[in-house]
Amino acid sequence: MGILEVKGVGKRFGGLQALSEVNLSVKENTVHAIIGPNGAGKSTLLNCLVGKLIPDTGSVMFDGQSVLGRSPHEINQMGISRVFQTPEIFGDLTVMENVMIPCFAKRDGSFELNAISPTRKHGDIRDMAEQMLIDVNMQDKRNMQASSMSRGDKRRLEMAMCLVQKPRLLLLDEPTAGMARADTNNTIDLLKEINETRDITMAIIEHDMHVVFSLAQRITVLAQGTPLVEETPDNIKGHPKVREAYLGEAQV
Amino acid sequence: MDQIILQILNGLDKGSAYALIALGLTLIFGTLGVVNFAHGALFMLGAFCTVTLSRMLSLSHEVVDETRTDFLGNPLKVDVPYLYDIFGETTGAAIIDWAVPLSILFSIPIMILIGIAMERGLIKHFYKRPHADQILVTFGLAIVLQEIIKYYFGANQIPTPAPEAFVGSFDFGAAIGFDPNAIIYPYWRIVYFFFAMTLIAGVFAFLQFTTFGMVVRAGMADRETVQLLGINIDRRFTIMFGIAAAVAGLAGVMYTPIVSPNYHMGMDFLVISFVVVVVGGMGSLPGAVLAGFVLGILESFASMREIIELLPGINQVVIYLAAILILLTRPRGLLGRKGVMED
Amino acid sequence: MLGLDKKDFTLLLIVSALVLLAPLLLNPFPEGSAMAQFNAGYPDLMQRFVIFGIFAIGFNILFGLTGYLSFGHAAFLGAGSYAGMWMLKLLSMNVIPAIIFSTLIAGAISFLIGWISLRRSGIYFSILTLAFAQMAFVLAASVLTPITGGETGLQPALSDPRILPEFLGGGSVTADGNIPKPSLFGIEMTASSEVAVGNWLWTLNWGYYLSGFMMLVAFYIAIRIFRSPFGLMLKAVKSNQQRMSYTGLNTRPYMLACFVISGMYAGLAGGLMAAMDPQVGAERMQWTASGEVVLMTILGGVGTLIGPVLGAGLIKYFENIFSKINKATLEVWFGVFPDWMTDLMVTIVYPFIGKGWHLTLGLMFMAVVIFLPGGLVEGGQKIAKLFSRKKEPETPGGEAKPAE
Amino acid sequence: MSKLNLTRRGALKAGAAAGAGLALPTYLSAAGHAGFTNAPGDSSVTLGFNVPQTGPYADEGADELRAFELAVEHLNGGGDGGMLNTFSSKALDGTGILGRKVEYVTGDTQTKPDAARASARSMIEKDGAIMISGGSSSGVAVAVQALCQEAGVIFMAGLTHSNDTTGKDKKANGFRHFFNSYMSGAALAPILANNYGTDRKAYHLTADYNWGYTTEEAVRTSTEAMGWETVAAVKTPLAQTDFSSYIAPVLNSGADVLVLNHYGGNMVNSLTNAVQFGLRAAEANGKNFEIVVPLYSRLMAKGAGENVAGIFGSTNWHWSLPDEGSQTFTRSFGTKYGFPPSQAAHTCYVQTLLYADAVSRAGSFNPCAVAEALEGFEFDGLGNGPTLYRAEDHQCFKDVLVVKGKENPDNEFDLLEIVEVTPAAQVTYDASIFGGDLGSCNPGA
């Protein structure tokens, strides 16, 4: 039994069958990559996992509980965090505040009317956030306005915001898209370290095969809305079906 | 039955006024994203173009008539328009009588100039500012324009009748087999309806079939890309503003015989025009027109005696009630685009 | 101090001092002098300053923190006023029940309207709130006349029951046959003391100080909300709702709580208005009244603590002081000049005062937004910067501005 | 703590010119003042004129303000003295009021009860006004009247036509010279019956607010008493500008008379729309279709233009009245401003004179003394013939004018012609029929 079990999921947009009969099992403490050509349904699948979309058929179980019909904040509270393709952060707020918000969500749940007590008196939250900033090496930027940072820093911040919640499953949507090689390697190292030291399961959508093969323990190949193969990285390399699906697009 | 047909006529008539005002507003607000609280003022300025032209045509010199007296008992001074001297009394009177239709020609260049001046001088600097700032600056401008008009024309309504030829009503009922007088409708309102339809069609055709329109539509969808293509979208947006002002102004010009203008008429229409645009859906021109007609017809039906007796006060709230129901069932109004002014 | 950090506490102290000394500060010109026209230190206007201050502070909690622009806040002000007035009619002329009840009723109504309107965001939310408020207004002015007094408004009457015992402000009629006045355990809201120093005359009014105290409480609570985790969440709503839900936070209850708090502020303001001046007109709910609080907030500075209060003060000052200047006043002012010059000056200034006060107001709106983007607070900060020697270190990344 | 006491303000105002030096703080106590709010100093007295200066009634407000300025001028002995010369009471002699020069302050009601009260309060609290007058709507009049009662000053209502002002909302400190809905109905009905017959069917359009209700009620009752039948009465929103959807069904409803219980912009628009729909030219039930406007004003007639031709209505006063008082007033006003006064201007001018006269006769500015002098006061020479200020409800009873829109006006002011001057006796009613309670006079302080 994996921590995330997707069974027979299908989703239709008007005339387009975006997903059909998708099965996926993500084992605890592994890094599981989902790859596939453009339009294969990767993002749709991800959106079905976090409650942004509701699949027409099938089931999505996280740790034995169904996530279907739950809203994104409930699914997050179950232990699933998501990193977006373009970093989604609180641009108007400071870096510190950005990290404190998920701490509050972790401690107080999805709603708490803390309308009178001063934020600065919540020492535990402060400590949590402070430690996280040190972990991602951003403590010197703590008072900067988040939107004024570089894209790389924004992504690091978003990662920190997800990690500080200690999720059990981290979903990453092309975490290295548009990054320079050096940054990509840094990100790979960071994710590896996270996976190893924090016991966080990861599901990652990625185009960059270098990233995929550096990180993933298992890979699912998606094409035209259905999973083609689910295998270890070694077996995926040179798999005929995968070659066929990518039609030379893959940089294997 | 005749009552229903009559209220549909009324609704179309009201709707054409709403649609016309909302059309101009949605060009600026729904697509350029500027919350323009001065739009009602443009409508009002259009109406006062008519008043101004009609005053200019009636420019007069005084002739003392010894046979009559004024209110203080002095000999009465009679005003004789210069036009009478130039064209003779009959032709002169006829020209003055046609002041409202003549104002169409008079107001177009003026309104376009006002619109362009407004955009260049003020709005241009506010495209990137928060909506709150746009509200404050355009509301301020609306008040200023309104007060200037009040200073010169007073607060009272100024009668601006339609030409003699359009006075009276057309008996629809008789034409389609009802009793005489069952369904009558004033000629001028029929004219207004067709005028509105023509203007709406003109604006759509302009945006749909000209290169200019295509560029503007592309610019509305994605301003940056169009600019990257080396097209000067700013200038085109300026012209769009001019056109929107002209549409609002023309709506005002033709409306004067229906409701005599005063300086406040723009504010009276401001709320309803925003409601129409939003109910139609942000960023949608057809939506604005459709919403105008839907709300116009609903308002007409709600003002039927039988309905008011059933639901007292319904005539007062029907537009707002409809707006709430539409927005709750259709999140982006009737035909709105995703992501326009949703945050 | 009081759970505030030093900076906020200083701000609270300054505002408290201003409220306390307003009767002196707002009457800088001696009685009878030509400039006395600009004195604003009389009870009615001072009460309006602080009451509209409360209204604007509450509105700013919604608009400033979350960015949700409600165009129907006047409905809560009006509902609060009607509720307060009914307390004055039925229960007693003591203002305490009126104020409490008006806040609660406005809270209940804002819960209903918020619950529905918050299903939409952006302009769609604005139009929903506008539609609800306009419905409330037109119905209050017409079919609800038995409850609201219609267009004429609701006032206390000699025939009202006022069932509480006399010492709690009950009783229909006073000993001399008049309607009792709103009071606080026997102290009438209109009661004032006057202090005269030379030709200066200051009116210290009970109603004003009660309203002023309520405003300070409201202001203090607003600071606490701004600095609380709840306030942080509201700023997060404004910044990025998507991230918020993927962080496990439910935006709906945060928004609804904020909307209700904001509505209760409006209700409190409405209740105080009824208590200070026992008369409620339906036009208190009209869209122009909703628009006015929007303008106050923007004028003062959206999202700043003190801005809305300044904006409210400025607009009310214009409405009450500029509208009262007439040609005769001008002739006195410019009377020192030769006749032709007096006439000239009067001709130039006349369009901007008296019946032209709207024009001046409109010009001021435009001037503020063009020259002081960010409102009066930003203008104040600019001036403060001019005078402070200390040069601020340039931060190219942009240090996040504290919400001042 | 003392109660509100503004007596010192007037004294300070007067003394300021002398330039008193810095004095020690003086705490005023309740004792030792005149016993009423804003008692004036020895040299001047301040009146507050509260009129709409912005909004749709701004022109009417401007005309009221002109009348007030003229009244002040006449009271202070300036100009030609106006109606001081024709007024039956001779207590006023052009030396101000009780020897004090009359000064005034102005404010903007915005035709909103809230704004009007704010403005009036500032006059009372800041400027020391001892009397408030003016206004152009009943909502404003009722609100400001209640305020004056509470503050202890006299309110001399301006233009307010609803029965409520001196009916259910009457106050001991408030006085109305203007006529009301009931009188309009009582004056109009016989004229309508004479001209249009007694078997008419009426369709009412009524503005959906208090004044509309009382007017519809008054006209219905009095016309039905003449034998008319009311086919329907439809309420129209106050904010309505285009009345087409209300007018359109009228012609086919079986009615042959349309009664427009509208005032101001409502009336201008609904009448314009009705004429546009051809109602003036139409026939129904074999009779000419007719339109009636219960309350007329010249400014409204101007806004409606030639649409008013031949339409009946009632009005409080008109400049073409032939009596000496009216003629004198029209002359002074017209000479000063270049056009004739409106009925709103007339009522405001007369109210100011009546107040000044009552103070002079009472020999005191104390509101209770003034009220006593006004109650039951009979006078003449201010237009409208012999008039009674009835003590029971503080309503003036005088002749009411029934007017008709002129077919061929000579000039832009000559829009209405007087059809009939209905004598006061015919429009007098029992003071108790509208309920309400005057209470007792409040001198404030």
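Should a chain be cited, it is by its letter among A, B, C and D, assigned in written order, with residues numbered from 1 in that chain.
Methods note: a residue touches a chain if its C-beta (ideal position, glycine included) is under 8 Å from a C-beta of that chain, and two chains touch if they have at least 3 such contacts.
Owing to the predicted nature of the structure, the values given are computational and were not obtained by experimental measurement.
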Contact network partition after subunit C is left out of the picture: A | B, D
| item | value |
| --- | --- |
| Higher-contact pair (C-beta pairs counted), A-C versus C-D | C-D |
| Chain at maximum distance from subunit A, centres defined as averaged CA atoms | D |
| Interchain centroid distance [CA atoms averaged], subunit A/subunit B, Å | 52 |
| Distance from the mean Cα position of subunit C to that of subunit A, given in whole angstrom | 47 |
| Separation of subunit A from subunit D, taking each centre as the mean of its C-alpha atoms, in whole Å | 74 |
| Distance between chain centroids, defined by C-alpha means - subunit C, subunit D (Å) | 33 |
| Multi-partner residues of subunit B (each touching 2 or more other chains) | 312-313, 316 |
| Multi-partner residues of subunit C (each touching 2 or more other chains) | 138, 142-143, 358 |
| Per-residue multi-chain contacts in subunit D, two or more chains | 54, 58, 62, 208, 235, 237, 239 |
| Pairs of chains, among all present, that meet the touch criterion | A-C, B-C, B-D, C-D |
| Touching residues (chain side subunit A, partner subunit C) in the complex | 50, 71-74, 76-77, 81-82, 88-94, 97, 100-102, 104-106, 108-122, 125, 143-145, 148-149, 161, 165 |
| Parts of subunit D lying in touch with subunit B, wherever the complex brings them together | 54-59, 62, 208, 232, 234-237, 239, 241-242, 244-246, 248-249, 251-252, 265, 268-269, 272-273, 276-278, 281-282, 284, 299, 302-307, 319-320, 330-331, 334-335, 339-340, 410-411, 413-414 |
| Complex contacts: residues of subunit C adjacent to subunit B | 63, 67, 69, 116, 119-124, 126-128, 130-132, 134-135, 138-139, 142-143, 241, 287, 291, 294-295, 297-299, 302, 351, 356, 358-359, 361-366, 368-370, 373 |
| Subunit C to subunit D touching residues, read off their complex | 30-33, 39, 42-45, 48, 138, 141-143, 145, 150-153, 155, 157-159, 173, 176-179, 181, 187-188, 190-199, 201, 203, 206, 277-279, 281, 283-284, 319-320, 323-324, 326, 328, 354-355, 357-358 |
| Of all residues in subunit C, those that touch subunit A in their complex | 3-5, 221, 224-225, 227-233, 235-236, 238-240, 242-251, 253-254, 257, 261, 397-400 |
